[in-house]
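In the two complexes below, chain A is the common chain; its partner is chain B in one and chain C in the other.
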Partner chain A sequence: MTQRLFAPLTLLLVMIFLIGPFFIIVAASFSAGETLAFPPEGFSLKWISKVFIVESFRQSFAVSMFLAIGGTLSALLLGIPASYAMSRYKLPLSETVRFMVSAPIIVPGIIVGLALLRYFVIPIGLSITLALFVAHTALVLPYAVRVVSASLANLRSDMEEAAVLLGSSRLGAFFRVVLPNIRGGILAAFILGFVTSFNQVPVSLFLSGPGVRTLPIDMLGYMEIVFDPSVAALSSLLAFLSIGIVFAAERFLGFSRYV
Partner chain B sequence: MFQNRAEALALALPAAIFAALVFIVPVLLLLSEGFKVAEQWTLSAFVDFFSQPLNRTVFLRTLKLGAMVTLVAAVIGYATAYAIVSLPAGAKGRMIGLVVLPLMISPVARTYAWIVILGRTGIVNQALMAIGLTDEPIRILFTETAVFIGLLQLFLPLMVISLISALENLPRDAVPAARVLGANWFQVFWKVILPLTREGLVVGGTLVFTGSMTAYITPAILGGSKVLMLETLLYQQVTVANNFVSASVIAFILIIMSVAANILLKRIATARNRT
Partner chain C sequence: MSDASYLFLDKLSLAYGKTIAVKDLDLNICKGELLALLGPSGCGKTTTMRAIAGLMTPSSGRIILDGADITRVPANRRNIGLVFQSYALFPHLTVFENVAFGLKLHGLRGEELTRRVEDGLETVGLAAFANRKTPELSGGQQQRVALARSMVMQPKVLMLDEPLSNLDARLRLEMRTELQRVQKESGVTMIFVTHDQVEALALADRIVVMRDGAIEQIGTPEEIYNSPVSSFVADFVGFENVFAISDGRLSTKDGADIALAGTLPKAKGLAWRPRAIELGTGPFTGVVRGVSFAGGTREYVLESRFGSIKAEADAKLPGYPLNSELAFDMPVAAAAPLQRFG
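Let's turn to the complex of A and B:
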């Protein structure tokens, strides 16, 4: 009997612990008061609308969008051919290549950012935007390779061999046979890369500079100075955005099959 | 399987060269800084680092918080995963969805919520004052407790998911059989569940431990400069003290732990594939 009560009670408490804070920031972002508080004082949309007005949020949102989309696309441009080579060719040093492209996932982001800054960005004289772009590409590359490789492994290779035997060029076989069949995997890799890049903080910590910062870094800086509910409002908007993307991906793509 | 090596290299090299240039070479150079003092290879930077009481405190605190978060996540994780696995299929899927959901939300947003909860005028303090346990707000933010709570919330889902997949492979009759044969719940856990789900526990534990050790956002927001952990100390060494040697020592410690954890995880994965 005690066990019957125990299981639902555990679940309830754990879910409150995991999800509860999320409801609290959503509630706090509708507050009419001037400081962050729960329960919120009154109801207003002023903090939600403030998020769209603050100039630095708009700028850093644009930076983060550019990095998440551009970085993920370039990671896919590098990662798809590499995954294809590793799965379909007798590639010399195949394991080394796999290790190299998936290494950024193992090393903590803050170290990736610092190393990149000191031994790539500064010696070459890269601009802040380009530095962040390169960093986010490197960050997403392991995910791109992993998800695309998994899709390729599930696709039988005799199909493209048949296409080649029937007179298609290798390139034509890739674009007409392979690519349409791993479309779902590529889209899943894109979504995973986008969310990872967009939420990323440590990698961009040292690489962000005056005027060019990613949105999460901007939020970290803002909340140190101002104690109003606008960061809560922004946090809930971002949370809804991520949940929306992942939910749509699961619905239309069966996202969890790929990740 | 195509045989053309030149073609294979042409496809794979751009990614490999990119990774080498922007990642592997810079990280190796950064690490080498910790072993070099005045162009000489030496371990003195490590000796210096650990001779300072603050650094020792931060190192031990990082290990301690990592271990505590892992331990508590394992205890809560087993109870949660067991409760979820026993649910009917539909409810089980929804519950797993709820556990995974926080992983998709920006860690900054998730950690920020704890400021609202644990702050001076936060819910916890309001409740404590309402029931008369304290007359004035107690300090919870910027303590180890706050960092512990934040890390636990951040990484508990990883433990629960690892344990769910381990428990799903548990033979269906194992627990009822042990109960029928007279084992109490403690014995059931210790003699049946734990040995059969050890792999899942190790996988989840490694993810939670390395995640907690290498977290930046949580100690930065909830601990501040009062409760430094290795990552926030590294940030401070670079931005405030301009001490790249000490930063590189910290980087070395963090990387060694991450790599060790990854090797362990890979071992488990390949061992599982073989059986």
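Let's turn to the complex of A and C:
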């Protein structure tokens, strides 16, 4: 009897712990008060609309979008051929490469960020934008390789051979037969990469500089100076954007098959 | 079969790394011929086909097609068709698009393309399925799509890897006649792989029996069926009773050597089909250890000095009960002499 109660109770507590803060933030963003507080004081949409007016939010949102889209695309550009090579050919170092490519998942972001700054950005004198771009590409690469590898594993190689025997070149067979059959995996990898990059804090923290910062970093900075509910409003908007993307992906792609 | 050599494999050797899969294979295939590659799993049938198609580079030897050396010609310029054992259809395309795939690559468009694809689908009886996605089709239908996809290219040689082994018994028979019809109507040179002697015998103009990456025997179905050259072929085509000859006497697995009536032919071994064993009379005796009814006949397993003997008798005759003792004969005249043993 106690066990029957225990399991759902634990589940409920975990759910509250995970999702509860989200409801608090959403509620706080509709506050009419001047400071970030819960329970909210009254109801208004003024903080939601303020998000769209603050200039630094607009700039850092653009930076984050550029990094999430550009970084994920370049990770896919590197990750798809790498996954393909590792799945089709017995390469001598493929396990090592697979491991190295996964390293950014395992190594804490703080360390990646510091290392990039100290041994990559400073000695080379890389611009901040480029450094962020490289870092986000590296961060997303593991997801690209994993998800694309998983869909390639389900694809038999004799399909490509059939295409070749019908007159296609090897490269042509890749574009005509392989790519169309892993496009679900590629889209899933894109979404996963996009969300990962967009929510990334520790690495971006080290690499952000004057004038160029990602949205999460900008939000942290903003909160240090102004403690109004606009940060909560922005968080809510971003959360709904993420939920929307994942739902759409599940609906149209069966996202959960790939992750 | 006018042209004596349309496809010629000249001392072809094929290897996967250090594993030699096929060694010094010599084979002549005539234009319009329907050839079967017959052999147990792992003997190199698929490997040989892949080499002919250009999916694998020979470690030595040449492949001559229609007078030209194609050993170094890339697979996409050989125009040799291969229906994979797995069919290897393109799951993201419809039946129509699958069949159109190769034609489009060769620049066909519009009405000409549609006509050729529809003709191809017509030939395999799938005209009504043109707009289906291939994963929705049954195994037999998928195979027909794969066949049509290769056939519309009018390939110089069409090869099929185990085309019947994934089908159930009824479909297999249907597909067998279908393959034969398609081949006769189009006149395409066809090679198909099988490990089933019945299929090879029923379909092929000529059979190549392979063993461990080499050819064991080449011949018409009659030759293979009646005159196997070796114990391996005899075993493979249903001679259930195969014995070696040494010093003019028949030797069995357990070491006994037995004199038979009459003079033994100059051969390394003798093989009898179950049907060739005479039951009820003869110099030898055996005990019935197994009886099974097979429609027109009854099949017996006898325990005797020769070891276990498989025999067969008309089912209309009275049967011999289990564990009864029985006289039998193995007439030398009814045996196939084997030139090689082991």
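To be clear about the criterion, the second predicted complex is superposed on the first by the 245 of 259 C-alpha atoms of A that agree within 3 Å, B and C clash if a C-alpha of one lies under 4 Å from a C-alpha of the other, contacts with A are read in each partner's own complex, and residues count from 1 in each chain.
In the analysis below, contacts are C-beta pairs under 8 Å (C-beta built on N, C-alpha and C of every residue); 3 or more make two chains touch, one makes a residue touch a chain.
Predicted model, so just to flag it, every value in this text is computed and none were measured.
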Combined model on chain A where chain B meets chain C, clash or fit: fit
Chain B versus chain C as contact partner of A:111, first or second or both or neither: first
Which of chain B and chain C A:221 touches, first, second, both or neither: neither
Which superposed partner A:33 touches (first chain B, second chain C, both, neither): neither
Partner chain(s) touched by A:14 [first = chain B, second = chain C, both, neither]: first
Which of chain B and chain C A:184 touches, first, second, both or neither: neither
Larger contact residue set on chain A - chain B or chain C: B
Vertex chain A angle, Cα centres of chain C and chain B, expressed to the nearest 10 degrees: 100
Closest approach of chain C to chain B (Cα atoms, Å): 9
Chain A-touching residues of chain B, taken from the complex the two chains share: 1-5, 7-9, 11-12, 14-16, 18-27, 29-30, 76, 79-80, 82-84, 86, 95, 98-99, 101-102, 104-110, 112-117, 119, 121-123, 153, 156-157, 160, 185, 214, 216-217, 220-221, 231, 234-235, 238, 244, 247, 251, 254-255, 258-259, 262
Partner chain A, residues of chain C touching it in the complex: 53-55, 75-82, 84, 86, 88-92, 101-102, 105-106, 146, 149-150, 153
Residue ranges of chain A touching chain C (in the complex, touch as defined): 156, 158-159, 161-169, 172, 176-177, 180-181
Chain B-facing residues of chain A, complex: 3, 6-8, 10-11, 14-15, 17-19, 21-22, 24-25, 28, 35-38, 78-79, 81-82, 84-86, 88-92, 96-97, 100-101, 103-104, 106-112, 114-116, 118-120, 134-135, 137-138, 141, 145, 157, 170, 195, 198-199, 201-202, 205-206, 216, 219-220, 223, 231-232, 234-236, 238-239, 242-243, 246
